[in-house]
Structures are given as structure tokens and as C-alpha cells.
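Pasting the structures here.
Common to both upcoming complexes is chain A, partnered first by chain B, then by chain C.
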Partner chain A sequence: MNPATWTHQQRVERTIAAIALVVLIIWPAAGWSPYWAHQILIETFLFGIAAASLIFLSAYGGMISLAQTALFGIAGVILGNLATSGGAGGTSKGLHLGWDPTLALVVAIVGTTAIGLIGGAVASRNTGIYFLMITLTYSVIATYTLGQVTKIGGFSGIGGINRYTPGWIGDLLKHPNRLYYIALGTAIVVYVLIRYVVRTPFGVSLQGVRDEPIRMSSLGYAVPLHRTLAFGFAAFLAALAGVLYVWWSGQIAPGNVDLPETISLLIMAVIGGLARIEGAWVGAFAFILMQNYISTSTHIPLVGFGGTLFGGSFNTVIGIIFLVVVIVSPDGLMGLWGRVFESKRETSGGG
Partner chain B sequence: MSALAARIPSREQVGSYLTWRRLPALLAFGLILFALVYIFFLAKIPADNGATNWRTTTFGSAYHDPSSFLRVVLDSLTFASALFIVASGFALIFGLMRTVNMAHGALYLLAGYIAYEVQQKLNGSPGISLDTGQVNTWDWLVPLLIAAPIIMVIGLIIQQALLRWNQGQELRQALITIAVAVIIADQIIAHFPRTVSAGAQRFGGNAVDLTWPGWTDRFVNLHVGGVQYSLARLDVLAIGVAVGVGLWLWLYRTKTGMKIRAGVDDEKMTSALGINIQRTFAIAFMVGCGLAALGAVVWASQSNISSGQDGQWLLNSLVVVIVGGMGSIFGAAAGALLYAFVANFAATYLPSTGPDCCTQYSTIVTFVLIALVLSFRPQGLFGRPG
Partner chain C sequence: MRRHKLRGWKSAAVLAVGVVAVAVWATSSLAASHAATVKIAIMTDCKGAFGFGYELDIGGAQAAFAQYAHGKPTNRAKPSAGMTNISVNGTSVQIVGYGCGNDTVPVAVTETKRLMEKLGADVMVGPLSGDEAVYVANYAKAHPTKTFIIGTAGSEDPTMQIHPANLFRYHGDGAQWNAGVGEIAYKKLGWRKAAIIIDDYSFGWTSGAGMILDFCAVGGNITKRVFPPLNTTDYAPFVRQLPPPGQVDGYFSAVGGTGTSAMLKAYEQAYGALEPSKWIGNLFFGFLGADKTVAPKLVGAYIGGTGTGPGLKTAQAKAYEAVIKKWYGPSKINPADLFVANYYNAGWALVQGLAKSGGQVGAALQAAMPQKLKEGYAVSNGGYATLDSRRQAIQDQYQLQLVKNPDGSVGPTTVAYVPGVDQSFGGLVKPTDPPYGRTVPTCKKVKTPWQGKIKIVKNGVITSAVYK
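Moving on, here comes the complex of A and B:
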């Protein structure tokens, strides 16, 4: 960590990151816009974690996973079934086992990771576009299963989960700032954890598996095992995001993990950029900002606006934005950002 | 991939093969065997007093109730036929261009709604489901002949404008088609169905019915186990078989088919031989989208069309192609058959011991099918390794 050795890009990025971190830490304490703090920013932190799990698999494992939303939802459904107790939960469905919330939290995260390991093992001999197709079927199968099995929530899902938080966290409904700091802290821990994992021997050989699976295999590395473990780790991250989500919104339903939601998470990751972990939160922030403000923006002549485009909803707008991003900058906003510095370096090197 | 490493196992690997590697295969074999024994002999209808146990199913075993069993087999065959029509289009595009057309399901949905609008126009736009008696053969064929070309043109536009210039970038193409699918699905909800019954409010993406021609609305005596079976469903089967034979003749007996197969094997060499591979790509993409439209019209006449089926049919196409393997119509046929049989039999022959168990778990069985096939053949049943 010697600033003298940093490149220009690193210096700029780290300055921005430090300023952003300070602003985010003092935001709720300073009492700035609670709507931003409790809606937009918490949502950004937790969806950023889910998007980071997708980007981790893509950037370091060469696997595009569309199952992260499903795993996110599975964690929420497990927590909802275990932690809530009937009666107080009103008419909400689910098993209402009324477990100790801390135990339920641990089981939800461990259980989702285990499901991720199984799914990863099944898909582990494929990569790239095949992996994308296989994980997309996981996602759709999870949606239908959650919707059809009425015992564990069914079509309408489970509500009121945020009333069953562990005692050491306390009542999140009364103290939304607490959830803000938990989400922010988890996001930072997840970022640091991913940066750490990719530097471990496992992380380095995973990148070897990404680039040269045949060579790694002949060197004696278990290629499918590396992919399976990476997928399990990503499932763990998605589970963290899922738990934060049900604490934030209080409810989880098949509608939270269906195809449009799966694609939304992919859009966040792609808008941010599939090559860098930081892109997860950048993409999530951009997506959530658009989601919150496009519907209230002003009218655009001829095509119509105010939430609609050619009569469609937000999805048409985001679809077109996504299309433009993929066509113009496949590496997303982080790719555009990187190109700014690249072109500078080229001109200075040429001169 | 890692073919060499797989073929020359070390002593340790041989040792572990006999113990650990064998276990899943034995378990899988046992599971399949048990499922077959269960369907053929073990399943039972509920007892007279309503008591249920793990052997309770709706129809009972094939041995006990062969005509119901036969009906489920026929249902599976006809569903497989519809799956094949749609998924063969998906497989054709993927096999030739390595493009995963994520908009396949959205095009299916759009074709269904267009056909519905045309059929309604032809019959005075009542806005409600037409009676089979009102619909003659032309009232069914004209919607198909309008919907399919529209979808083919949309497919051509997608291919020429968005996919042609980034050929070979598989992931980018998949993302582009996802964006197109999001836009199409949202626009469908905004604009379809257009025809609603007088006084009714229009709900975007509502379920609507296409109707088979009147002559199909009867049951045929199959003279096997006394089964009377719907002629419309047998038509689905016939259309599926016709599509299969037609595709086979086209791919293996015509010049265009020869070019397509050459393009699948070696795109650069084919174009170096002076074959306009871009034109071949465009034709194959149009035919692939046209098959989605044909499948939509056929299956929407059998069930219905509603928003949300785009995801369902994208899943169907993906499962068929993942299970069957990429690149051949035989793979698509095998995948469609396996998937249809597993899905239908799971929905019918899983134990039904009350509202909470167990037929609603049938989707998980689809996952088991994918898991079994991929564990033993990562490239799918008919896929080529690598």
C-alpha cells in the first residue's frame, strides 16, 4: 500500500472510493435524505452483493451464472420459513417454524451454499455460454418450484420476515439506520473477501482454470472441483444478499426470483461491467437510480415517457439501455472508465 | 475438453473410479429403475376409505390402468412434438451460429398473439374464445401464414442489425438477445391482446385462446386399450413429425442444408469455398424463428397464449437443447421426448397424498433429469464433445 507506486488510474480510483466511503458512512448519521439512505442506498448495497457474486464467477471463473437471483431467493425463503412464527405473521404463508432467528440465519446461508455446491457440481464440466444456459434453467426451475410448493410459501410468498431478526441485531423496523450500516458493512466485507479469495492459491488456480482448463487439468488440478467451489462461494455471497433483502423488504415471493428479476440482476452486473468487482455496486446503483427516477421523469416528444416508451413500462426503457450498453461498451461503465485512462496512457506514451 | 486426462487415468484415479466414481452411476441407475417399477407396478389409486400412502397416485400403475397410462404416453408424445417444433428452431440457430437466441421465447409469445388477433379478425372480432364450430381450416391456416412470416422478418432484422457484426462473441450475442427479449416481452404486455369482448377492459398480456378448426374437435378410437384420443392432439403429433422429416430432408438432402451443415463444421473453410455463409446464416435464423412461430400457433391452439409463457418456452427450449445436445435435429428430438416424458410422468405419477404432496414437486424432477444427463454426458445426449 505504497501510494508512490500507484498508477494514475489507481490513485484516482482510490481517492474516489475513500471519499465515497466517508460520505456513505456519515450519510444516515448526518440525517441526509432518509429516502435515499433507506431505499436507494440499502438496495444498492444488497443487490450489489448479489451482482458481485455474478461478476466474481464471470471475471475469475469464466462462468456467467444466471442462478444468483434464484440462490438469493432460496436464502430468503429458507430464512422466512424457519424464522417466522404463525399468528403474528398474519395470513402470510410458509412453514412458520419459529426457530431462533440466529440459527435460522445460519441455516439459510449454509443451506443455500449447499444447494449452490450441488448446482455447481452438475454444471461444473461446462463453461461460458453453456453455463449460462444451465444456470438459467436452474433459475426458472427454482421460480416454478417456489411458486408451486404451497407449503413453503407458494405463489404469494412469505411476508413479515423483518420482524424476526436476531436479538443481537434488534428491531430493524424501528432502527432502519442499523440495517443501513449492516448492509454497508456486509458489502465492504464481501468486496474485501472477494479481493482476498482471488489472491489465495485457490483463487489463482481458478483463474488458471478460466483461461486454460485443459492445461490446468493436465497439471493435475481438479477443474470441475474448482468451478464447483467457486459456484458454492458465489452462492454464499448471494445468500448474504438474500438475507439482507428479506430484512429490508420483509417479504420474499417467487416474483422476486423470476425471469425478469434474474435478468435485472444480469443487467446490473453488465451495466457495471463484468470484468471488475467494483462494477457490481456501480451497476446496481445505476440500475436502482433509473428504476426510481425514470418513472417520474418528464415527457419526451413522439416516443412518450413518464415511465413508458412506445406504451411499454420501465422494462422497455431498461431493455433499450441494456442493449445500448452491450453494443457500445461490453465491459459496462467500468470498461468505459478504464478506457478513459487507457487512451490517456496511449497518447502520453506515443508523445 | 481434457480428453487426454480423461483417457489415461493414473493408478489413483482407477482406484477412485471403482469406489467413488461408480457410486453416482449406480445411484442414478437405481433411481431410474425405481421410477420405472413404480410407474409400472407399484402405483395405486387411493383406497376406498380415502387413505393414502407413498404408493397413492391419481391413475394407479400402468399394469393396473393401462388405458390411463397410454393416455399419458400420448400426452407426452404430443407435448414432445410441440417442444420439438419450437426447440428445433432454437437448436438450428445455436448449432449453426453459436448464437443462444434468448429472444426465442418472446418471439413464440408474439407469434401466438399475432395469430390470435388474425383469427379474431377473420371471425368478426368477438374478443372471446371462438367455438371450434366457427373455425374452418383456413381460419386456422391464415393466422399461421401471417404470424410466421412476421416473426421471420423480425428474426431477420434482429440477426442483420444486432448479431451479424459480432459473430463469434457468444456471450455478447446472448446478452443482446436478452435485451431484445426484455423489450419484446414488455411491448407485448403494452399492446396485446388488442381484441377484447365488448365492454370488457383490456388487460395487457391476458390469456387468450387460439382455436383449432372444427374438424379436429373429436375423439379418435385408437383400438388400443379402448383409448379415445383427441384428434387435435394427434394433429400436433403429425405436425411435429412433419417438421422433423422436413428439417431432415432440408438439412441432409438439399444444397442449402449441405451449406448449413458445412457451416456448422467449419465456417471459415465454407466461406473460403465461395459459399455465401452470411446468406446461409440469415436463412437459418429466419427458419429458426419461423419454427418458434409455428410451435406457438400449434401449441396455443392446444392450450392458450399468455404473458409469462415467453420464459416458460425459453426454459423448454433450453432444457431440450441442454439434454439433447447441440447441433443436431436428432438431439432436439431426443431432448424433447425425454423432457416431455419426464415432465408429464412426474406431474401424473408422483404420489398424490394430499394437497401438499407431491405432484407440485414435478419441476424439480426436470432438474434431476438435467443433472443426470449432464453428469454423464456434459455435452448432452447427442452433442459432440468439446
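Moving on, here comes the complex of A and C:
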């Protein structure tokens, strides 16, 4: 952490990160745009965590998982079923067992992590397209299970979950800034945790498994176990995002874990960049910003065609951006950012 | 090759400009606050199965603003073009945005937050569909200073189980809409045993519940309930779960959207030609495009209603239809369409509420919202629909039959009038009961308030004769 040893890129990035962190910390207290604080930024923090779980598996384990959205939803569904109460004036869907919200929270996170470990164990002997297909299957299973097992919510999902938060957190509906700081804090912890984990012996051997699984196996490393544990860790991260999501939106439904939502998370990760963890939040921010403004903002020069951007079609715009990113910068916006410094180094070297 | 590479700080500058541009664009879109103006949002669907309802919903609500609050349509052929000049007793009213849902909950979350938090609406008129309304009801509970008037959603939960104090519904739920259709099946068609096929979600359950409650109340028996998931494309496995025609007297259907036609086709392949006397459907047999795909196969079949009386010739109905035509005639929206009528009633109720509250919103508006509304197709109770203690409409219902029109088209016509249908079906359903689902309600022979009082409607006129 000696600044003297930092590269130019590291100095710039860490300066930007420090400024961004200060701005984000004072944002709600300063009263700047509550809509941005309580909608765009909270969504960015929590979807960034979910995307980070995907990028962690991809960048350090060589596993592209389509199951992260499903795991995100499973945590929300467990919490919704356990914490809510039914009857007149209560929630109308799910088991609404009325457990203590803290206990429900712990069970939701631990349960989702356990499901992730089981799913990871099943998929751990596969790589590439086969791993992708298995995790896609998890996503489909989750969608149909949540939709058709009506006792745990059904197609309509469970609503009003954010009225049942632990006492030590308090009423997030009356105090949305509290949720903002919880989401921001969790995002920071997740980022630091991933950075820590990838530097531990487990993280280093996981990267070995990513690059040379056969060699690692012949050296005596348990390749499937590494993948299983990584998948379980990513499930834990996705569970945190799922809990934050239901506290933010109040509901969880099969529509939150279906194929379009699964692809949306992948798009966030790809736009941000699959090679660096920071890309998760960059991609989530870009995606959510577009989602919130494309359908409504008008009079955009050149591309507005006299009305909303491409007729207000978010899917069209995000599809074009996705294509451009994949073609121009396969490592996403973070890759583009990195090339700025590579280019500078080359220019300096040649000069 | 070098010229193709991004050049250091130039690229950084481009990125920075992009970020600044996005920030400026975004922040400039944040709505400014107009303290003296009441901000309302119309939440509807512009995508998904009910995307076609977009103009109908907006047209219905805005026709009320034009008629009772000085609103001026920007384009009478296209309601979503907007409306200006709305004011109630001197209080300016601004439509800050139209919601663009797709009948799924996640999009309802985003759109509701956009309308109520980003655009700062004080009042929402909407949403359109059942699951969206369940979400909005939960959202309403968490935001007591905002007021919500459901547009045309038919799920039971928002006003029965959740019933937040700041949410109002001036039309029936899906079960209320079907009140009376079971009795017609029993008395007119002679059904005693029937099976039912229901979309496996909030509105399907609620709509099916109306058929079950009404048919069982008069003495019928539902021998089988089948629940295809929403968005099913192959209905063969579900239709095969239905008893064959020889084992039941008929079938109730609460399958909607594109599924209705596919389900009936699967039935034809499994059990032969459709007999109109053996089928009763909910509104999805005769509205929302089904008049062209489903209805022609079932001319003569009875179908459940929507709280409107197509072809009803009361003075009140004619006056209401004239209002819609006056303001949005060129858009060709049908006044008897449930989307148009229900959003109109919601808009009109809001105008009355604002007039009484003196333009105040929040608790003052909620206290001032009308307890009764002179709806276009209301006849009983002096021509008023009334609200119950959970702010849910007690409303006259009209049951329908598919008939061939003189121009060869097939569509629904009103054949039965069911007065004053309440959400609890005369106390059968309680807020503490579990919501309608796969096993709820059970089949029970009981007395409903309208049993034996369902009047025959002939050529748009309510006769004194009842169904026997």
C-alpha cells in the first residue's frame, strides 16, 4: 500500500475511487436527489454485488455462471416466506411464517449458500459451455419452481417483505437512507472480501484451477472442491444482493429470476468487464442509468429521432451497447479504461 | 496501426465528456417541484399481453379529466399525446407521467418508483393488471402520504387481504365480475357438475373463484380444477386433466391472453368440437382481442362480465358513452371496454376527491375520496357504485353472451343484470381468509345476496324477469 510503488493507473484509479466514495457517503446526507440515492444508487450497489459474484467466478474461477440471478432470487424468496406475516392487512402470498426477521435473514443467506454449494458440487466437474448450460438449468429450475409451487409465492410472488426488517436495522421504509448506507457498506465489504479471498491460498489455487485444471489436479489439488467452494462463496454474495433487493423493492417474484433477468445480470457484468471486480458496479450503474432514462428522456441530439431514444426501447439500446462493447472492448468499460493507460504507456515508450 | 489505437488522455477526455453528458442528461430529467400543483401519474401497460390497453386506459382517465376538470386533450386520436389545462376548483393538476408496465411485477416495481419517486406523483391512477396491483397495494402501504386508485386490476388481494388505507378501487375484482354466471349455468344450461381450468396466478384465481363461488352457491359441484401456468403454449397436458365431456355438464375457463385460443384448440384435439352450451369463459372469451379469435367458435356461449354492460340502454350509460366519444371519439376507444370504463371511473373519483379536499393531497385527499360514484353502467342504489370499508367497490355486474352481430362479427352482448355485488360475496369471503388460490374457495351451497334476483337483459333493457 505504499503510494510510491503505485503505477500511474493505480494512482488515478485510487484517486477516483476515493473521491467517488466520499461523494457516495455524503450524497444522502447532503440531500442530493433522493431519487438517485434511493433508486439508482441503491440498485447499483445491490446489482453490483450480484454482478460481482458472477465476475468473481469468471475472473478467478474461469466459470461463467447463469445461476447468480436464481440464487439472488432464492435468498429473497426464503426471506419473504419466513419473515412476513399473513392475515388481514398482511402479505397475501407465500407461507408467511412470521419468523423473527433476523433469524429469517440468517436462514436466507445460509440456505442460499448451502444451495449454491450443492449446485456447485453438481456442476464442478464441467467447464465452458457445459458449465454454462448447467447453471442455465439452475436458473430455469428456479423460475419454474417459484412460479408453480404456489405455496411459496407462485407467479405473483411475495410482496411487502420490506415491512419485516430486523429490529437492529429498523424501518427501512421510513428511513430509506439507512438502506442506502447498508447497501453501500455491503458493496464495499463484498469488494474488499473478494479482493482478500483471491489473495488467500484458496484464491491463488482457484486461479491455478482456472488456468491449468489438469496440472493442478496432477499436483494434488482437488479441482472440483475448489470450484464448489467458489460457487458457494459466489452464492453467498448473490444471497446478500437478494436480501438487499427485497428490502429495497419489497417483493420477489419469478419474474425477478427468469431468463431476461438472468441475461440482464450477465449484460451488467459484460458491460462493466468480466476481468475486474470493479466492473460489476460500473456495469450495474451504466445498465440501471439507461434503464431509468432511455424510455422517458426526450430530445436527445441525433439519436432521438425527434422523440425518445430509439422509440424509448431500452432493449434495443442496451442490445446495441452490448454488441459494441463485445466488439470494441471485450473486457467491458473497465477494459476500455485500462486501454487508456496501455496506450499512454505505448506512446511514452515509443517517444 | 498506431492511429487505430485509443490515444491516452484523448480517450480519457472522451470518456469524461461522456460521463458528464450522461450526468447532465440524467439530472436535467429530474422533475422540478411544483408545490401548488397536484401531480398525478397514470400507470398502465405499454408492453406485454395488455400493451394494447395503453391508449384505452389513458383515454378513459383523461376523458374524466376533460369532462370534469377542464382538461384539454393534445390529440383526440391519441390519448397518450397528453392533456393540458387540468384544474379542479382552481387547483392545477399535472399528469407527470404514464407508466409503461408489461404485467410483470419487476417492471411494476421500476415504473411505480419512477412515477411516484422520480417524477414525484402525489396520486397514481392504475395499475392495469392483477399482479401489478398486488405490488402497488404493498407499495401503497409503505407510502401512506401517496394516494392510489386502481385502474382496472382484478386481483382480490389489494383490497381484501392487504387493503392499505390509501388505496381505492372503484370497480369489482375478477370474482365480482363473474357473479351470476354460475347461476346462469345451473339454471339456464342445466349444469350440475363442471370442471374449471384457471390461469395459475392472482387474477386467474380471483376470476375462477367468482365462477366457483356462484356455481356452488346455487347447488353445482366443481369436480376438477386444472391450473396451467401463465404463458403456457402447449395446453394438451392440462386439457387432458379435464374430465371428458361425458363426465361433466360443462367447463368454466379462466384462461387468458393468447392462452385462451390455444387451450380451446387443445381441447378440440382431445375431445372433439367445441359446444357453446358446454363452455363458459371469463372476459377472455369476448374481450381484449378474443372477440376475433375465440368468440367465433363459441357463438351462443355465456361469458363472465367486467362490470360494464355493452349495449345497455339506460340514460346513464348513454351519457357516459357520449362523454368518451366527445373527448376521444377519433381514437375509437370503446366506452364499454373495461379498461376505458374503469380508468374513467378512477379519474372521475379523483376529481371529486380533489374538489372536496380543496386540492389537498395525502390524508386530506384520502378522506375526501367519494364513497359512492355515479358510474356509467350502475343501476341499483340510485345508479351509484359504493365503496365498502376496505375501499373496494360494491358494483352492479352484467353477464354476457357471445352473439353474431348484423355485420357478421361476433361479440359479447349483455344478457343478465346482477345488482350490487360486493367483494365478500355476501360475507362468504373474509379478509382473514387465505387469498384465492388452487384450493380456495371451496365448493359450498350457500345463499348469495343476488341469488334468484338475476334479471334478464334483452336488447339492452333490464327486464323484470329473472333467471329461473
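The rule is simple: the second predicted complex is superposed on the first by the 332 of 351 C-alpha atoms of A that agree within 3 Å, B and C clash if a C-alpha of one lies under 4 Å from a C-alpha of the other, contacts with A are read in each partner's own complex, and residues count from 1 in each chain.
Convention: contacts are C-beta pairs under 8 Å (C-beta built on N, C-alpha and C of every residue); 3 or more make two chains touch, one makes a residue touch a chain.
Being a predicted model, the structure only gives us computed values, none of them experimental.
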Touched partner set for A:G86, first chain B, second chain C, both or neither: second
Chain B versus chain C as contact partner of A:T69, first or second or both or neither: neither
Touched partner set for A:T150, first chain B, second chain C, both or neither: both
First, second, both or neither for A:T228, with chain B first and chain C second: neither
First (chain B), second (chain C), both or neither touched by A:N256: second
Common interface residues of chain A - those touching chain B in one complex and chain C in the other: 144, 148, 150, 312
Touching residues (chain side chain B, partner chain A) in the complex: 1-2, 4-5, 98, 100, 162, 169-172, 174-176, 178-183, 185-187, 189-191, 310-312, 314-315, 318-319, 321-322, 355-356, 360-364, 366-367, 370-371, 374-375, 378
Interface residues, chain C side, partner chain A - complex: 2, 5-9, 11-12, 15, 22, 25-27, 29-30, 97, 100, 104-107, 109-110, 113-114, 117-118, 130-131, 134-135, 137-139, 141-143, 155, 157, 160-163, 200-202, 229-230, 430-432, 434-435, 437-438
Chain A to chain B touching residues, read off their complex: 64, 122-123, 125-126, 128-130, 132-134, 136-138, 140-141, 144-145, 148-151, 213-214, 217-218, 223, 258-260, 263, 266, 270, 308, 310-313, 315-316, 318-320, 322-323, 326-327, 330
Partner chain C, residues of chain A touching it in the complex: 33-36, 38-39, 86-93, 144, 147-148, 150, 154-157, 159-160, 162-163, 173, 249-251, 253, 255-256, 261, 289, 291-293, 295-297, 300, 312, 336-337, 339-341, 343-344, 346-347, 350
